[in-house]
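Input: one structure, supplied below.
Order of writing sets the chain letters: A, B, C and D. Residues in each chain are counted from 1.
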Amino acid sequence: MRIAVLTSGGDAPGMNAAIRAVTRTAIYKGYEVMGVKKGYAGLMTGEIEQLCSRDVGSILSLGGTILLTARAPDFHTEEGIQRALDSLEKNRIDALVIIGGNGTQRGSFALHKKGFPVVGVASTIDNDVYGTHSTIGFDTALNNAVGAIDKIRDTATSHQRVFVVEVMGRDRGILALNCGISVGADCIVIPERPFDINHISERIRKNFELGKKHFIVVLAEGSAKAEKFADALGLVSGIHASISVLGYLQRGGNPTFQDRFLATNFGVKAVECIDEKKFGLVVGIQDNQIVSIPMEDVASHVKPIDERLFELQKYLCI
Amino acid sequence: MRIAVLTSGGDAPGMNAAIRAVTRTAIYKGYEVMGVKKGYAGLMTGEIEQLCSRDVGSILSLGGTILLTARAPDFHTEEGIQRALDSLEKNRIDALVIIGGNGTQRGSFALHKKGFPVVGVASTIDNDVYGTHSTIGFDTALNNAVGAIDKIRDTATSHQRVFVVEVMGRDRGILALNCGISVGADCIVIPERPFDINHISERIRKNFELGKKHFIVVLAEGSAKAEKFADALGLVSGIHASISVLGYLQRGGNPTFQDRFLATNFGVKAVECIDEKKFGLVVGIQDNQIVSIPMEDVASHVKPIDERLFELQKYLCI
Amino acid sequence: MRIAVLTSGGDAPGMNAAIRAVTRTAIYKGYEVMGVKKGYAGLMTGEIEQLCSRDVGSILSLGGTILLTARAPDFHTEEGIQRALDSLEKNRIDALVIIGGNGTQRGSFALHKKGFPVVGVASTIDNDVYGTHSTIGFDTALNNAVGAIDKIRDTATSHQRVFVVEVMGRDRGILALNCGISVGADCIVIPERPFDINHISERIRKNFELGKKHFIVVLAEGSAKAEKFADALGLVSGIHASISVLGYLQRGGNPTFQDRFLATNFGVKAVECIDEKKFGLVVGIQDNQIVSIPMEDVASHVKPIDERLFELQKYLCI
Amino acid sequence: MRIAVLTSGGDAPGMNAAIRAVTRTAIYKGYEVMGVKKGYAGLMTGEIEQLCSRDVGSILSLGGTILLTARAPDFHTEEGIQRALDSLEKNRIDALVIIGGNGTQRGSFALHKKGFPVVGVASTIDNDVYGTHSTIGFDTALNNAVGAIDKIRDTATSHQRVFVVEVMGRDRGILALNCGISVGADCIVIPERPFDINHISERIRKNFELGKKHFIVVLAEGSAKAEKFADALGLVSGIHASISVLGYLQRGGNPTFQDRFLATNFGVKAVECIDEKKFGLVVGIQDNQIVSIPMEDVASHVKPIDERLFELQKYLCI
């Protein structure tokens, strides 16, 4: 039996830990393991090499993905899928582990629907995969963002200034909301909720009256770009806001304990699914149990945000 | 209504975030808030001061506890408890939030049994409080340990050496086990499981044969002191093992996202319990829900370790 | 004798360590110490409070400045200077220590020329103060930038992508140049040197041919904004470049060893200057000796960049 | 022309950056480059492999040494030296770059005296090489130690406790002294100076009277082991002191800006020395200039400590 593993979509810290867990667990259980380079792109072109136990030594603590990743828009066509299936057959792959987020798992669902045995592993810094409480990379990204905002707060406080910090999240505000709570943001703006510049201006004024030395807005990029948001705020409130766009530094770096732990458990589970011939599943975590969720469910639902956190924030910003 | 808050036992990163959440939520809900200094010691001697919203500004990201903590062996006597109750009465405290681990919560249970309205908040780097999946401080301590072992691995690899790294855990190996999985330890030794020096020696030999460049043992201090363990290993295997005792640096530093998040949620929940007149409870987390567990349950059970993780490790060390 | 201390201009990590050193050394030597809040703005309005030894306890490791800082354009007028002098007289200040960068030291030079006893301390993340090899905050800012780019490189490598990383440096490229060398940048663009988009495009092509997995440009903000630079690069080379603007996170956070060490030494030296009645000087470091440079010299010279580093980079990017 | 490079003695963060700089600069200048594995041990046994430009890609930011290091007591014999020379001849090596500290440079001096063209590069976390202001690895080790003690201070303050922190330095206290100044240690104990337990006890008592919340001793391992020191202190003062032995975690981890910068400059300079046929030199830094120091001088002098820092500390501990 020969299995393959690939990473696709945006890289996330912990992907390497997952690759290591898949590789070693599979070898332990007697499988041969192949690594597909550059995600679906490399799958179509057949950039596939064997992975041995030593190949995944000392990658546990590295960010990024040693298997690389790439955009592959042509994969999402009938012809693309067929090229991938041909490549899998040509390389005599019996099952495929696919590590990535929502976009990636749509691809794995497509392969599954064609009858190829696939198991997904939920990995994205956005933590927006339905059916899993967390995804590989989310905790590191959050800690990266929190660490960066801690630094920005030094300047905000020293200058008694308003700061608008833009964090990742094109469609969803899960990262922004969690991040905002953990840095004590005075205001959290996410795509799932409308925002009111007048109300925010009012709160800035009130905060400085209360003796607060700064006002920090955590803004998901999907709501507005930091520059435009700060301009609008300045127009309404008359107060200058400095901006910071955290951008890519959120997604890199050595994975945290949490992401290594999740990635290791997810990787092992993925191989166990293959071992038990359970396919068309995405590995995730629910109620602290490692679980596998049907790809149909993942594809057809949107993960809700935790509305309660806004309630919390109300108490904490006084 | 006037509530008080104290931290007791070993300090844990995130305690300050919990103090902030308790203070601000209580003020938001109309309570007056008092901070007790130096844990039960200060409770008995009446070192109690008011906490305002600004007093807990910018402590969210600080390790340690601004309320300080201290050993108070005489609190755990009839006379000690009575002095504490007198002090609470004298200061007109209506309810008390007690932040700490197992030893601390035994103290809060004692106050509860005397009829005083208390709510506990589970906070210890050991994560050994029954009834809660995690405790405030555990994630930071783990990340501290993981970060330190990442550094030690540089030397272990460069010198192709065996390392015995002693981590915290006098009675329990929960931290050691989680840490070991996340750093890719070749061997994890915890108090809950007997260990076999001959077997470990054999594995060291085998690992170097496999081409591994180091062999790292993560050892809970409750199993053995690193020095003795390394000596015994040297005697049996003939191989020198370097040692590192991580010690106190595990418990300090800026709390991680996870610990700030947990602490904030726990602190809010503690005040909600008081608001709903639910006492004799310890706030924790189960299945990703913030819960409150009866103190009787916490006091009378031992938290199990996750045996499955040893299975996992078997796959990953090849 | 009573001395005062203030921080002005952009905050820099290590300013607090300098405040601590000034305060304690002065108290040790028998002076009374006053802290001026919000830089020159607070000097003019008389926001001045006594600093005791305990007030500067545990600030050594904190970023930002506990004395706060602010813009004060009206200070740089005859009337502003006079208001400052009046305030100094009213508060019976005998000498003033002024911590900040070039703009700030122009202000201290102005006070000096009016006959007031001032000593400057070179502190700016830009390290562009003439006469001193380094300034307080430079090392931390560099480590912040280096750490951030290490993270970005994970993504750049995983996606085999071109990245343009914009670092601080409106007028000068000292930070960008040092940063670029230390992260192994493939290209460093600074205001002191013209750049050639065609040449850079050519090098990108060549680098990927050599088997490099990424191409990282470190760009000082004074040369171009990252977005425009990436657009131009895309136009010429046909290759998409991702961008990251490090911004404010470079200036915050716990100061490094180097910045605490420098700040401590500079602070002590400033008080020694006062003790020896040497004024109109800026404290800095030359050839590993703590020195004091006449304000005239600082104001009238531009610090050169180390051209040799470009030579170095040529060797290292192959 | 073919040059070789090796690392020997304890690993130091930045060694990889130096290997990269040597390799790429030499290739740029037209040399062939060989890497010797495991220091002098591998030199004697001929573990030598070619290094290409891509082999040293992405090692700039890694701790440890990709060339590995090992103890080689038999190298320091006539026979050992001869085996090394034979191996160098057999592998047609024309010049050798040797990266390491004092012990290592004694070895390179021995090869130099035999007439083999060698250039040393000063690299040790102890910074005890005569003739150079700093060595590769010192800054990272210091930052590691400072970061660890910052964490320990959280606990020390929270518990109002005395801490004895043992840092590296068997023979010399340069690291301990610099570290102590930068963490605001209340007491610094190094091998170069006698210490007086009675005096330290007295200062502890006085410090707590002044309202300080902790007392931190930074102790070089060469002065005393932390455990014995704390016991003696307890005996004399009656106060319990907690201990922490930082140990190996000081030497690992991603090198700081400073160490990458130094390592890069040192590596380039070493190849320039070879290019100019200047041998028997150790590359270091003096007065911010990259220099090369005759091995005789390095071997025959002891680097002094900066006594002035003790004066400084007196002011700062009030």
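To be clear about the criterion, a residue touches a chain if its C-beta (ideal position, glycine included) is under 8 Å from a C-beta of that chain, and two chains touch if they have at least 3 such contacts.
Being a predicted model, the structure only gives us computed values, none of them experimental.
The set of chains touching subunit B and also touching subunit C is given as A, D. Each chain's centre was taken as the mean of its CA atoms, and the one lying most distant from subunit A is D. Because subunit B and subunit D carry the same sequence, their contact can be compared by residue number, and over half of the numbers here are used by both. Work out the mean CA point of subunit B and of subunit D, and you get 35 Å between them. The mean-CA centres of subunit A and subunit B are about 28 angstrom from one another, to the nearest whole unit. Under the contact definition stated at the top, the residues of subunit A that touch 2 or more other chains are 150, 153, 157, 213. Inter-chain contacts, as defined above, occur between A-B, A-C, B-D, C-D. Chain contact summary for the complex, subunit D toward subunit B: residues 7, 10-11, 13, 38, 62-65, 68-70, 144, 148, 150-155, 157-160, 163, 213, 242-249, 251-253. Taken in their complex, subunit D has these residues touching subunit C: 20-21, 24-25, 27-29, 53-54, 57-58, 60-61, 133, 139, 142-143, 146-147, 150, 153, 157, 178-179, 181-184, 210-213, 254, 256-258, 260-261, 264-265, 268, 287-288, 312, 314-318.
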